[in-house]
Structures are given as C-alpha cells and as structure tokens.
Amino acid sequence: MQKTSVKIFYLTDANLPFKNTTFWVDAIFGTGLNKAVEKNIADLIHQVNSTRTPVISIDLPSGLFADKHTPTNVAVIHASTTLTFQRLKRSMLYAENAHRIGEVKVLDIGLDEHYMESLPTTQELVDRSLINKILKPRKRFSHKGNFGHALLIGGSYGKAGAIILSAKACVKSGAGLTTVHTVKTTGATLQSAIPEAMLSTCEGDKVCDLPDLAPYNAIAAGPGLGINEQTSSMLKLLLQKAKKTLVLDADALNIISQNKNLIDNLPENTILTPHKKEFERLFGTFENDFQRNDFQIAASVKHKIIIVLKGAYTSISTPEGKCFFNTTGNAGLAKGGSGDTLTGIITALLAQGLNATDAAIAAVYIHGLAADCAVKKIHPYSLTASDVTEFLSEAFIQTV
Amino acid sequence: MQKTSVKIFYLTDANLPFKNTTFWVDAIFGTGLNKAVEKNIADLIHQVNSTRTPVISIDLPSGLFADKHTPTNVAVIHASTTLTFQRLKRSMLYAENAHRIGEVKVLDIGLDEHYMESLPTTQELVDRSLINKILKPRKRFSHKGNFGHALLIGGSYGKAGAIILSAKACVKSGAGLTTVHTVKTTGATLQSAIPEAMLSTCEGDKVCDLPDLAPYNAIAAGPGLGINEQTSSMLKLLLQKAKKTLVLDADALNIISQNKNLIDNLPENTILTPHKKEFERLFGTFENDFQRNDFQIAASVKHKIIIVLKGAYTSISTPEGKCFFNTTGNAGLAKGGSGDTLTGIITALLAQGLNATDAAIAAVYIHGLAADCAVKKIHPYSLTASDVTEFLSEAFIQTV
Amino acid sequence: MQKTSVKIFYLTDANLPFKNTTFWVDAIFGTGLNKAVEKNIADLIHQVNSTRTPVISIDLPSGLFADKHTPTNVAVIHASTTLTFQRLKRSMLYAENAHRIGEVKVLDIGLDEHYMESLPTTQELVDRSLINKILKPRKRFSHKGNFGHALLIGGSYGKAGAIILSAKACVKSGAGLTTVHTVKTTGATLQSAIPEAMLSTCEGDKVCDLPDLAPYNAIAAGPGLGINEQTSSMLKLLLQKAKKTLVLDADALNIISQNKNLIDNLPENTILTPHKKEFERLFGTFENDFQRNDFQIAASVKHKIIIVLKGAYTSISTPEGKCFFNTTGNAGLAKGGSGDTLTGIITALLAQGLNATDAAIAAVYIHGLAADCAVKKIHPYSLTASDVTEFLSEAFIQTV
Amino acid sequence: MQKTSVKIFYLTDANLPFKNTTFWVDAIFGTGLNKAVEKNIADLIHQVNSTRTPVISIDLPSGLFADKHTPTNVAVIHASTTLTFQRLKRSMLYAENAHRIGEVKVLDIGLDEHYMESLPTTQELVDRSLINKILKPRKRFSHKGNFGHALLIGGSYGKAGAIILSAKACVKSGAGLTTVHTVKTTGATLQSAIPEAMLSTCEGDKVCDLPDLAPYNAIAAGPGLGINEQTSSMLKLLLQKAKKTLVLDADALNIISQNKNLIDNLPENTILTPHKKEFERLFGTFENDFQRNDFQIAASVKHKIIIVLKGAYTSISTPEGKCFFNTTGNAGLAKGGSGDTLTGIITALLAQGLNATDAAIAAVYIHGLAADCAVKKIHPYSLTASDVTEFLSEAFIQTV
C-alpha cells in the first residue's frame, strides 16, 4: 500500500465506537473503479483484515467496487465503519456487502444537491423531500368518500394475525374506509382488534371467494391467505377481475410462485412486495445482490408492475425501469408482521388516489420512518409490528 | 378592477402560508350583496384566477354571495386564504364553496358580541359558551341512576365494529348504564372491547327483535344494523313503541330511505344523523348546499325531528326551524367509524336528561372538539374513531 | 335572624365559586342541636332560599340537624357551599341532605386530632392513616403463594363484562392467583381481556355449579351471575360449603333478596356490597338515610356480617356494631361497572390475608382513591371502571 | 457479648427506615465461620430478639452462617436491615433466612472487583456486565430469518391466558418469528391478543399432537398445557423428537413429575424452569434451601440440563456444575403469570442463537429487570405479567 494512496495511523477518539482502542483508518480514494486492487494492495488488505483490529474506511472500503458486484475472491477491507461522502454508494445498499462496509455514516461535504439531483439516473434514494411531494395534507371540507375504500383479502383460518396487522395499518394510514374480506372466525377476532375496519366474510376455513369489487379503490391480497387450491382459484379470479390497482404480498406471492404463468397475467401497475426468499421463489436465484436488483428492474419493465423488494434498503422498481432505494427503517423491523403492516399502508395510500409507484415509495418510507421513530422509545428487540403501526402518526407528522 | 374598490399589492410575509411567494390581496368590500359582479370585475377575477397565484381574500372572495348559493357561472375569486371578520359567513359553511374560500381565518375586529348575539336569527354557530350552558358538572351525591340508561341497537353479524365504536363513545360520554342490543356473535366481541357495556342479545344473524324498552332513557338504532327485512321490521316496531327519544343513524336511515312512509311516523324529537349521501337517499338530491340546508330545516319543522347533517360544518336543524352550525372538527374525522362514535355520544347525553336539541348540538360539538384535541397529537391520516373516543375526556374537560 | 347569631354580608371573592357575584354568608353557630329552628329564624331561612342567591354556610347550614334526620318540613338553608370545621358531620354524609349542604369543604381549625381520635365512637371516617395501618408492603422473599388465591364466580352468558371488570381489579390489587368460575363463552372473552386470570368453566349458559373450593383463600360471587333458578341453587350451595370469607355482590344480592331466608344462613363475616336499591331489596325501604344506616349497622350485628352500602360516602358496618364512612371517590364512579371493580379489590385483599372488616374498608378507600387520582386526568363524564382499575396502582402508591 | 466484638449503641437517624426510633446495631464481625455462636453470645442474641426493637446488622446478622444452612436451633439475630459489604453472601440468597437478614443493602467498600472476579468460583451473581456480554445489538442488514423461529406449545382449553403471556413476551424479546401450537379456541383468543404470533392448531380440547418441528430454532412447552394423558403423550413425543433446545415449564414439569423416568430422557441442555413447589414435585423435598440448591446443581450435572429454580434470587444451575444467582426482580413478580412470561423470554433468546445457559441467565435477568423498571411506575400490588412484558423494552435498553 503506497504512502500516497493509503494513510494509516492510530487514533483514540471517544466519539467513535472504538473507545480507547487502536484502529486503522483506510483511506484509499478512488477504489470506485469497479475492478480488483493490485496484488500488493490486496496483500496489505488481507493483512489488515487478519489483525481483527477495527477499521474505519473513508469513502468506500478499499477494494470494494462502487457500482457493481465485488466477487468474494477480490480483496476488500472489512470496515467496522465507513465514512462516505454526500450519498450512499450503490454497493452499500446490498446485504452482500454488509460485512465489508460495517456501519455507514454519510458525511455532508457540501456538494451541490441541485446539480446532483439534475443528473440523469434511473436509481434514486428516497428521502423526505420526495415523500413530502407525494403526500398531501387533508382539507377541511373533505369527507370519507374523498379518501377511498381499501379492500384487504386474507386471514384464512388460523392466520388472523397477519390480516389484523394489515387492517390496523390501513386504517391508520388514512383510508376513508377499510374492508377486510376473510373467513368468519378471523372476522370475529378482527372486529375486536380494529373495530374501524368493516367485514366481508366467506364460508369455510379458507378465503375462497371474492366480494363484489366495484366499491373498492384499491385491493390487497396475501396476508394470512394460505396457499391451498381454493385460495389459488380465488387469486386467479382476482387477477382477472380487478380493475383497481392490486397489492400482492405473502401467500399471494407464494401462490404465484407455484403458478408462474400468473406473472404474465398481472394487471398493469400491480404492486408485488416480496422479501428476498419470496422474490427467489418468484423469479429464481441470483448470483449476487446486484444481479437480483437488475433482474428486479427488468421484471418490472417486462410485466409493467411495481416490485417492492423488502430488505435493509428496500428497492422499489417501476415499469419505467427506475429503481428507488428506501433510506428509513432499522433492524427492529426484522420480525414477523412487518410485511403485513407495509401492505396495509400501501393499500391505504392507493385508496386515497396515489398512483402505484408513488404509493409504494411513500408507504415504504413511512413504514421505515415509523419504525425509526419507534426505536427512539422501544428497543429493537421488543419492537412489534403493532408498535410500528402506533408510530405511523408520528411518521406522517414528520412528512406531510 | 377599480382602484377604490380593489387594493392589489405584493407581500412577502413569513407568517402566512405563502412563504417567499408573491400573492394577491383581494379586498373588494361589499360583495355580500348576493348578486353577480359586473362584467369588468368579472373579467379581472377570471384573470387573477388564471394566474394560479395565491390570493388572500378579505371578508369574502370577490364575487361570492354571502348568504345564498353562488351559481357556477358567476365570477368568484378562488382564494387560497380568506380573512373574514368576527363571524363565519353562511356561504363559508358549505362544501360547494370550498374551492372559492380556501383556508378561512376569522379575525376579531372588536364588534360588540352582546349586540350580535341579541340579533334575531334562526341560524347560529355553535361555540364553547353555548355548550358550557348545556353540559353540567356531576354532583357528589349522584349515583348511576342519575345518569340514565342508554340502549344502542345494531351490530348484526359481521358488523360488530360499528356498534362497538358507538358503545365505547356512549360509555365515555357519561351514561350511567349502557346496554347494547345485538346478535350473539357481536355480543362476545363487544364485551371484550368494552366490558362496561351490558348486553341484550337476540337469536340469529340479524338484529331482528326488540328488548323491553321500559328501562331505557334514550335509544339509538343503526350502527352495523344491516338493512334486510328482519331488521326493517324491528325498526318499524321500534318507531311504534319507543316512548323515549330515538337516535337513528346509518342503516336505520337506509331502511327509512327504502320505506319513505316511515318518515311520517317518526316519534317527535327523533334525531336523524345522516351524512350527505344518506340525506339524499332520504330526501332526494338538491341543486346546491343552500337548497339542501333549507330543505333540512323545513323537514325538521314538518316532521318535528332534529336532523344532524354531518359534514365540515355539521348543521343541526330543529323542529322550531332553527339551524345550528358546528365549528369544531377536522378532516381526520373523514373516515369510517366517525358517525358511529357520534351516535354513541348523542345517546349518552340524551340518557343523562338533555333534551334532543341540546343533546345533538352538544354531542356534535364535543365529538369535533375531541378530534381537534386528538390531532394535536395524532396526524389526521392516522386518526381513528377509537382515538377520538379516547379524547372525549379532554373535550369534556374543556367544556364542562 | 338575630344580629348576634347571624352575620349576613356581601362578598366578592374570586377564590370562591361565585366570582363577581353577591352571595349570603350563613353563620348561625350552634344549630347542631338536632331540633327545628324557631319560627322567626325559619321565616328568614325561607326568605333567603327564595332569593336563589348562593349561600355559604359556616359549620352547618342553619336549621340542619347535625346527627339525625332533618324532616323535610323543617326550615333549612340550602347552601351552595358549606365550610365546616375539622371533620365532616354525620348529616353531611347522607344523600338526603345533598341539596342542603351543597359543596362541602372541611377547614382545619387546629383541634387536637389525638384527642378527637381518643373519643369513644362507633362511627369513624376512613382516612389514609387508617388504610396505611391495614395495607403492608410486599417483602422480597415472598412468592405468589404468600398472596393467596382469589375465586370470582359470575359472568353467565351475555354478562361477561361484569366479571371481566372484577377479575382485572382483583389481579391489579395484589392477589397471588385469581381464578374466575364462569361459563365457557365468558371464559373465552375473559382470557383475551385479562390473561393473568385463570379459568374454571361450567357447562351451559348459566353459572350453575361450583368448583372444588379448597384451593381458594377468598371467594366472591355476583358480578354478571344472573338470577335464575340454577344460579340460585349454586349460590345456596356456596353459602353452605364456603369456609373462606365470602363477598356477595350484584346478582348474588338479588338472589338473596328473592330468598330472604338466606340472610340468616350467611357464613360469619360474609361481606355484602349493595348499593341503595339492592339494600332496599334486601332489607326493605326506610324513611330516611339515618334510619337506613342505623338498620344497616343493626343487620351487621344481627347476622355477623359486613355490609358495604355503596354511595357518595360508602358506609361499612361491622358485626361489632361499628360503622366506617369512606371519604374517597367522586361522581365519576356513578356508572355501571364500578361495583364489579370494587368486588374484585375486596376479594384480592381478603385473599392476601386481611380480615373481612379491614379488607372491606381498605378496598372501598382504595377504589375511591383510584377514582380520585383518575379524575385528575380523565373527566368524570368519561371515566370508566377500566380507567379506575388502571389507577389502582397510583392509589396503592399513595397508601402502602 | 464482648465489648471488642460487639458494638451496641442507640441511633436516631432520619435516613434509615426507623425514624425517631431507638434501634440496635449488631456488629459482630467474623460470624461467617459457619458454626454456632457461644452460649453467652447466644443468650444475648435471644435477649435482643425478644425486645422486638429493630436491629441493623453489619456484614451478617450475628449467629448466621455465611455459606451453609443455619439450623433453626442456632441463635441468630433477626435483623431488620443488614448492611453487607461488596457482595451478597450465599446465605442471603435463600428464603429460609429471610426473617434473619431483613432488608439487605450492599455497601461498596472498595474491594478490587477484578481480583474478586478472578477468584475461582462455581457460584456467581448475575450482573449487568455479564448480560451485556451475552446480548448483542441487532445489525442493519439483518432480516427476520436471522432471529430465528420460536415455537411455544401450551394453552389447552380454558388455559389460554398462560400461553398468551408467553407469546407476548417471546414476540417482545426479539424472536424473528413466534408460532404457538395450541387448541383452536385458544388460538382465536391469542390472535386477538398478540397478532404478531402465528398459529398452529390441533383438534380437540387438549394440546395432543405436535407440528413438524423442523422450522423451529427453539421450542418451549408447558404454559397452560394441562396434565392429562394426551398432553403427556405429546410431551413424551416432543422429548424424543426435539433436536433444538427445549424449555419446559409449568404443566410440562408437572407431567414429568408424574413420569419421573422422563427426567433421564431429557435432551441435553433442556431448560427446566420450576418454582420451589414444582422443583419438589420433580426432585423431592429438602431439609433446607442450601440442600435444595446443592441438589439442583447436582441434578443439572447428572442430567446435563439447565435448571432455573425461580424465587427471590432465582438460581440457574448448569451441566458444568456452575450456579448463577439472579439479582434483579421484586415482590411484584410474586403473581400468577410471571413464569409464563419468563418462558417466553428464554425461548426468544434461544431462537436468536444463544446457547442454553446464556439464554436462561439473560432471560431471568431481563425479566427481573423489566419488573424493577415497572415498579418505578406501577405499585407491586398492581403489577401484572402483562405490565412486565411492556417493560421488556426498557430492560433491553439498559443492557444491550
């Protein structure tokens, strides 16, 4: 490692996470070249990593490619902390680099934001100013009819919890009316948990039929739906009949995974919200996170759908080939129920008249922001999806 | 626009909603003449509107009639904000003018309130001092018998949420005892949600019979009632047998809409609480909001009933031909469940011995005030009917 | 009214409830003679009352008897406020005098409390120091077995709410274990509402049998019990078999009212908790509150039971012929559910080993104090039994 | 009592619990010799105890053995308060000495903590620094799969409360997913109470079968399980088939007590969580607390299991023959439901990948700490298991 390109020295800085500890500073600028470092630098990198001493990387960990997949055999500093400039780099958004970038802090070094925003890009970080343009304050003379009617389909027998979480989030995200189509046992539980939601029930243990879809402005299916034959048939019918924007989550995605031809029959602007495993069940496995993300965007364009790939930086790909990366949220969301809540929020925003892309982007941001507000009071270990729902109000206060 | 009657200048005032923005001030006094402006003024108005620059109107937007319907072909400034004096004008109370008046602020210019209140009027804005006269503090030696027994009828199978919301609001608005007459499945859900409410159940899936009405001081029917034949029969029987003041809401109104002759059989001082659509199903459509309001008052007089027409400025018309306009509430109430909550409050106040007009006026005010208190903590997007019920206490603290 | 015995003048005192208002001060000392005032004083009293001007009475309203019933034909000042000295007088504790004493404030005039407490009396006001002697802090090495096992019997079909309220209050008043014996439908509702309570169920719609009573340290019956034949039989069996202190409330009292001979078979130290109407159904009507209270004490002595006669100043009479008057509580308690909550508290304290008298006194005080704490935050109109239960903790903090 | 070894004098110190009271100071140093005091000292001790005057003991109450059982016929001061140095002594950890040591306060006299911790010991007090090493913060790129899937088995008909409490605690202690295997009636109640938990149901009234165990990272059985033949068979099957760490509590322990041979078939590192009575049903009665604790450790070694013996200082014995004593918790936990909550926390920590010993130690500490946080706001009389669960977040904030 040359003296000019690498500055290594010791610090003892109480403000950083390594109190009273010796650590490395890794400051090879210019690693964003997306190619492997030279042999002598690689050796030095392996040597530093082998010391297991904390490393603070400046800009990017040395060796890491900025915009594309870094193969595992390429030498990359394993930073404890990365101090990057102005914006997150694309390679910091993927889990595959989590062990290389450590905790990331973005430093404002005064670059011209207007200039940066004017650059043509198909990839965008979602921030508060974007959400603020999407979500509008409510007006005095508005009535419940102005905020639409959301329909949530799910909660087969024994799976009431998921649809309850969706319904709570939908009601607390501004839908004028929220109706849940579910089985009777779930209906009873639901009305106790969230009396503001209305009920449409079907016979039997599975959600096996559809109500008249005409009154609804947005329709979601999936939470606690189950994946048996009857619900599959119901879902197929829904895909045929729905004229309003659909949100498909959880078991709705699993049914599609088992009936791949359905992907080609999704109504335009349908929103799919898979986590990584559900995405792979739908679209196959991928060699790395970059490849998966590229495929996600291609799939959105091909099928004219919005795909919300849930994770640390949830990516939202659009039929126009754009991809938005969410910047809110925390590890307290890594728990059962988070996805159900997100589905409720998206559906509520759709019902209120947002277009599918805007609804998906804003819902993902608000969901993460609510969790960020929540963890100021509730430890991530203890955070529940219901807690996140309770903090939706705070998130709307900060953005609308 | 003449120099003497119109003053136009530019301001940049950080305290107004148009920070760092150029806007118009529209100050044609005397437009309250209820007739269309002259051609040259009309042209100027169209020109101003076409600039899409924000306009602040003083007193009333130029061109707007103060006390009667302004036809759509009349030229009217589309104000962003209207600064009016001392009192809201009648034309500001109707949704049809929402896009013309923008956000309204009432300025106190020191007119003599006593004089203004002494003027004979059949139309009155409801304010805190009026409510303060209606609602009395509770006395130490009072017992639950002093605060009456409210009966709420509703919640057919699958519609438990609505009657739960009514029951919670009734219990939290001071009724000595609250009983809900409903179907068995709803009963189970209800007792978990609000154990303070007592239960009277009927067989089957619909609320199809009546309990002995003798013990009750006030009776409401409608939330989650359903509109099938059995419930219709039950409602007809209720109208015949009830000797206490009735509150009819939601499906009770829908049943009456389908059996118009029932309107003539309503017991004296029955309170109907339709929103605009329910009102139209009951009484037909109207050319404009003024006409609808006039008809509302006429219907109250004719049928000797109180009509609570729910909206931004809920209007309460009485058998004496008076009409009260509520001044509390906000767009957070524009959601399913708000009406059920209001029904519970009215019934609780009736049970406590208020006359029907006072109960309706005070309940509407308290309901809106609770929502106003709530939105100081909870964003209107996230506000639920249950939240409003939680803030009833705060509303009573401010008024009783 | 003679100048020496009556001082009348005008005040305008912002600290009193009659701001900027002229009012009378009524200061006839020595009216505590328990006999009617003379004719000329009586005339003056009628004259004052007829003015409808507020009156502040010092010590006692002129004409009111201090320690016995004042007949309605005796002239008594109708005070708005009574400023009394050091202690409430007996006549202030009864509802029959509510319209005569108005709002009562007790002024400390420095009398020797030790001397007053040393006076022999069978009637005692319950205050914090008395409760502080009864309730003990919990010790570190204690385990749930140290705090006893409470059994609550009630909640027949459709009456789940009452027993839920009792169970919540019992769990939150320190019982080591709480078991509810009820019907199956109620059981399901109960476990959702208060999972800390255990369940013992019986078949059918009515609570018609008894569990093995051996494990329980205290047993209550009544809330939501119903009064049909089956529950009557169950109650009779309970009276025969119970070896632990019983608390009988609500429908248990109504069953006894219908089977008066049961009164003679009550186990020693059974606690009955009637409100005024239930008391009358048990023991007949009375000419006035003094007579009722005297009878209450006599009945306690005769049947060797504790009677808790609920009202503004709940009176607790004991087998020894003493009577305690509670001083906590407010009109927010005048609502369905208050009694159920009280039953839960008494049973919890009994289970923890208090004797019946102490448990009754302390529970009534704590119940009222919790309500007093609650109305600092929640308006009496909106206060619910569940709210009171939430404030039990605060009441224990102030007394234990 | 010799002048040199015993210092007795009178104090009146407002800062101690005996305001304005004369009390003894008992300062015989060196009683930690684990043998009975001499006759003349014993006489003096009896004399002091007979005065019933409060006694403050320094170090240990005179006569009390420090590290072994003190027979009841040995003279020991009954201290009101014991001021001990640096660490709790073993004899202070057992309930059998509760009446001898009174309230214990540990004084820091500056002994070298590093030296003390370096001493070889098989008995250790659990403190915050130990827990801080066990529990790790969550990382940004983690997802629900990283935090494991917990399975809770229990809640037969009529016993829903127990498993609800476990499930709530499990969800709020960081498990990625929580599934409850229970009967259908309990399932319905559970999903209303904690929608984040998933459901696996079996037919009938008892939990009589097992789901596929493959997806689960940790499994608990016991809360509300019941002890009939069917659940016994289920439990035996579980012991055979479980490949993940098991937590056995409540009725699971009772079933084992009735089938003692099962103790020999427990999978390695199974965690048993008996309270004293359950321990005795499992392992027989003991002459004293020391003997019980010694047996507990021996049983852990013999059966290669972790035993959590619940009480004031819960002891956690390990297969390696170590014993950890918990230092958090208070008498507010002495109530039904506490154990169910603890079971949920242990299972959540196991699911997240902790080894059995660490999970047991950390869960017991966190559970007690949550209760300690809770009693700063909620009186121990009113504290419920649900309250403790609400304070789990606060406990994690203080330790992770």
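Going by the order they are written in, the chains are A, B, C and D; count residues from 1 in each one.
One rule holds for everything that comes next: a residue touches a chain if its C-beta (ideal position, glycine included) is under 8 Å from a C-beta of that chain, and two chains touch if they have at least 3 such contacts.
From a predicted model like this one, the values you see are computed outputs, not experimental measurements.
Taken together, chain A and chain D share no touching chain. Chain B and chain C touch with mostly distinct residues; of the residue numbers seen at this interface, under half occur in both copies.
Across the assembly, the mean Cα position most removed from that of chain B is the one of D.
If each chain is reduced to the centroid of its CA atoms, chain B and chain D end up 57 Å from each other.
Averaged C-alpha coordinates give centres for chain A and chain B that are 40 Å from one another. Each of residues 188, 192 in chain D touches at least two other chains. Chain contact summary for the complex, chain D toward chain A: residues 135, 137-147, 171-178, 187-188, 191-192, 194-201, 392-394, 396-397, 400.
Across the interface of their complex, chain A is touched by residues 95, 98, 103, 158-162, 164-165, 185-186, 188-189, 192-193, 275-277, 311-312, 330-332, 334-338, 377-386 of chain B.
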